[in-house]
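The following pair of complexes shares a single chain, chain A, combined with chain B in the former and chain C in the latter.
The block that comes next holds the complex of A and B.
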């Protein structure tokens, strides 16, 4: 019944596969793919509307399975699209936990406008929650600090590049130079570890 | 200053402080630093580990951290140089030195606060007394002014006549000794100066005697392990690292075999104590250290037996395995052992289980007959899991070759850290790679020895042999590999040489280091017959360089390893010949 040799729903499925396969944290928003799926949905819907009216008029039962099939295809496309958006939203949320309230430039490029909006909203509500959670102590708690419960207060790190001097909270100044090994408080160097300047030795 | 009570005077002092650990490039130092790191981790002490190579490295590393740290721990470096003089530290910086190089610098020994040497002074040999080497300038009334000035200037004063110096001293002297006549004072001055000169001569003699020979003290890793033991924080891993540290000393000839045997006994008691303490019954996870007699064959657990025999210095040189006759003799030996060639030529691990079990006893039985009695030595093996079983020597060879596997994309520091990682059991693949690398190194050494001996490239200069590699070499441009090569070569040469005094002569080997800069590396190897690790090369190199006017870079902490310009090499060797005859 389809006009091309492609089946209904293929494009939507490709969209998901693409997202699943990409090695980046978030691949660029596939504008084109989404539009094509939407067009497909629209085409199916229009065909269905046309046939439904003839069915209403003629009462031809032979059209019935076709109608159902088209409807199922339409539903599936919709589900795929939603899954695509939902998965991206999940990744954007993870982004907030990993990188903090500011989206890195290269990732920002691959987000579309509503997604950026979503990120900002999410960030805002998370910040609001963190403020309220720490209300008793009078200080907001930074929940993003320890994503995995730390085993020890201190960690052993190896310096991967020349960073220069780094001052700890207690005033100790530490000279971070490539290929030196240090034993430092976890809380204070975690951000450096995440930036890749220090490497945590297990 | 010596610190004997490591627990109270060293460790307790440091608890809660931040410390900079400076580690030399050798395996003993790596092991010691790993043990220290483990200790510091238990007590949550912040530390920074910096690997360094040579005196310039030490200066640079200290310069970078200057002002930030108050406690510096030097592992296997810095004991033989005057630390305060070299680094010019601030008043409140304290250095702890854990160094196996000897002789220690006298300024470090007699520093009253800033430099603390970890170790027992009673184990040290013939440290000159304080009075005999340091001039007590306060005791001098008259010479107060020029007491601190160098002796050269003083002698000049002396030569140019007393009149001049007298005038300088007139003002203060006049106040004090108005009663004494001019002549008397003059006489007294001269007497004093003569006594002073005699004292200086005596001091130079004492200092020469003290610094003449360089040798090695106790392994730093072992020293630190004993600290861990006294703190009751020792475990199997730490003990194993200490064993690797002392095995390095044995394999690189830094320790007499007698001293090694004595240490073995102590280690054995640690082993049995810790084995009883850990009640980990699970074979997979438990590590077990066991003492056993083993063979001086390189990596034989990871290599075919024939290869291992051929590439081991001792066996190879005794049987002259690089010759056709030697090869025949090896086959004879295998035949008599009842080890089929099929098995001898495949990896040890794949050999028949029965043969594997009997291998040691078979070799031991025939050792006397084939003139390889010293092939048996006591050592420790570490086994964990079902398959992993390593002798301490395997670790040492693997780490050595990791440490010297510098390539374009791998800096020496990378290699150091990799070697340090390979020590821990979690990074088994690093160790395995290191063992493979070590095999390549030993095969290369053997081939080099074979071709050099066939081409008769070891020359005699009367009082020593010398061997000059003409081209930069992927393996031998590093101190330890070159030293291994030179030791093999010397043994091989002595085995083939007919000269009677050959076993008493040392070998000096050189290899270009960096073709672009025209530098080359020079190592001195003690004679074959010498068992003690004492060498005179440090001092001899220094004097030969002085005499020939060659710029010598004694940057390494190993005194027998120096760098110099390639173009100066012949001149230097000539001067050395003159000096040593």
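The block that comes next holds the complex of A and C.
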């Protein structure tokens, strides 16, 4: 039981530190770190169980503070782990609103399998909700549009990259080429602007 | 056991990770690993060890094992300085999470100096929320207040200048693009970047078909100003 200066719970804290450092994007899921913390929890638990059973047998209270400390460490680890997962879930939800229903490939790489699953499920339930919200009109409402109240119907946009053809609702096809400028209905291009393909000018 | 503001708060976890100096009162068997200087298995009374706050939180204030000593930064000397010239202290240098940390240690401070101080300092941090300050002078809460103040102010100015309705690229996307650009630069320069097509654009668009006629009318008037557009839109709706 002779451990080095490394205290219990430090590894779990490192996970959170890493997450906090990159406050905007999602860092890669730290598989190894999580596993190490889980192992630590397991080790603490087993030691505690062993000690608790000897305590029950002998009634010797001298190890009580140690038991207490390890229990606190166990709970601390649990809290750090849960907070780590929860914060990532929160950021994944934000992804849905910012990037739209498709995650860019390199971000997807930094998610683990269940997280991708979570994203898909979240996307699905959001879509289901948007359908039900517009039920009275018979049309789904896209809640990710118009995050700010619109002031004008048309906006002038400049294309930031070669996007290709883009079809408007009335059937007109626009060729979005880099550095070209267009005057387009706001509602239809808002998501493109938010994804950085178009740039709203004036 | 209470968590503030909630169980998942990362900030709170950061605060409770801080170490506090404690004096050992009784012999604690096999806890020598807590004291890096000790060579025995047991923790002897009289030693001082640095314990993380998350453990101290679990113990009772008047527990038999440890006596918590309130850190220097909350002691009287600093309090005197603080009352003399409140805005002068470099709080952030004392401790990045000054208030939160202090909140946890309040029960251990018998003189209640801390309570007065926290209230006192909250007052000043509110009053100077707008002023631009050197980073290290603010503690975590103050920095957040400051940020919120600046943001509110800029939103207000935006509203006054009527520029608020501009659609911006979302912050997350911007960060992501910056990262990608950086990666591209470090990669092979000549490599052609593949542009990502955003799929499934059709579903959010379909809902607007009903209005497309009035839009076509409007398109003919595209050189008109916004105000005219709006009024025409209203007419065509009626």
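Keep in mind that, in the parts below, the second predicted complex is superposed on the first by the 150 of 202 C-alpha atoms of A that agree within 3 Å, B and C clash if a C-alpha of one lies under 4 Å from a C-alpha of the other, contacts with A are read in each partner's own complex, and residues count from 1 in each chain.
Please note the rule applied: a contact is a pair of C-beta atoms (placed from the backbone, for glycine too) under 8 Å apart; a residue touches a chain by one contact, two chains touch by 3 or more.
Predicted, not measured: the structure shown is a model, and the values here were computed from it.
In the superposition on chain A, A:174 makes contact with chain B only, not with chain C.
Of the two partner chains placed by the overlay, neither chain B nor chain C lies in contact with A:118.
In the superposition on chain A, A:183 makes contact with both chain B and chain C. Legend: residue contacts after superposition of the two complexes on their common chain; A:86 is shown touching chain C, with no touch to chain B. More residues of chain A are touched by C (comparison of chain B with chain C). In the superposed pair of complexes, A:55 makes contact with neither chain B nor chain C. By the document's definition of touching, of the two partners only chain B reaches A:158; chain C does not.
Touching of chain A by both chain B and chain C, each in its own complex, is seen for residues 153-154, 168, 183, 185.
Those residues of chain A whose C-beta lies close enough to touch chain B in the complex are 153-154, 156, 158, 165, 168, 172-175, 177-185, 201-202. Across the complex, chain A meets chain C through its residues 1-3, 5, 7, 9, 13, 16, 19-20, 24-25, 62-63, 65-66, 68-69, 71-73, 75-76, 79-80, 82-83, 86-87, 94-95, 97-102, 104-107, 134, 139-142, 144-145, 148-155, 161-164, 166, 168-170, 183, 185-188, 190-197, 199-200.
By the touch criterion given at the top, residues 18, 37, 40-41, 44-51, 64-65, 67-68, 411, 413-414, 416-417, 421, 426 of chain B touch chain A in their complex. If you check the complex, the residues on chain C that touch chain A are 3, 7-10, 13-14, 16-17, 28-31, 33-34, 36, 41, 52, 54-55, 57-59, 65, 162, 164-177, 179-180, 183, 195-201, 203-210, 212, 215-216, 218-219, 222, 226, 229-230, 233.
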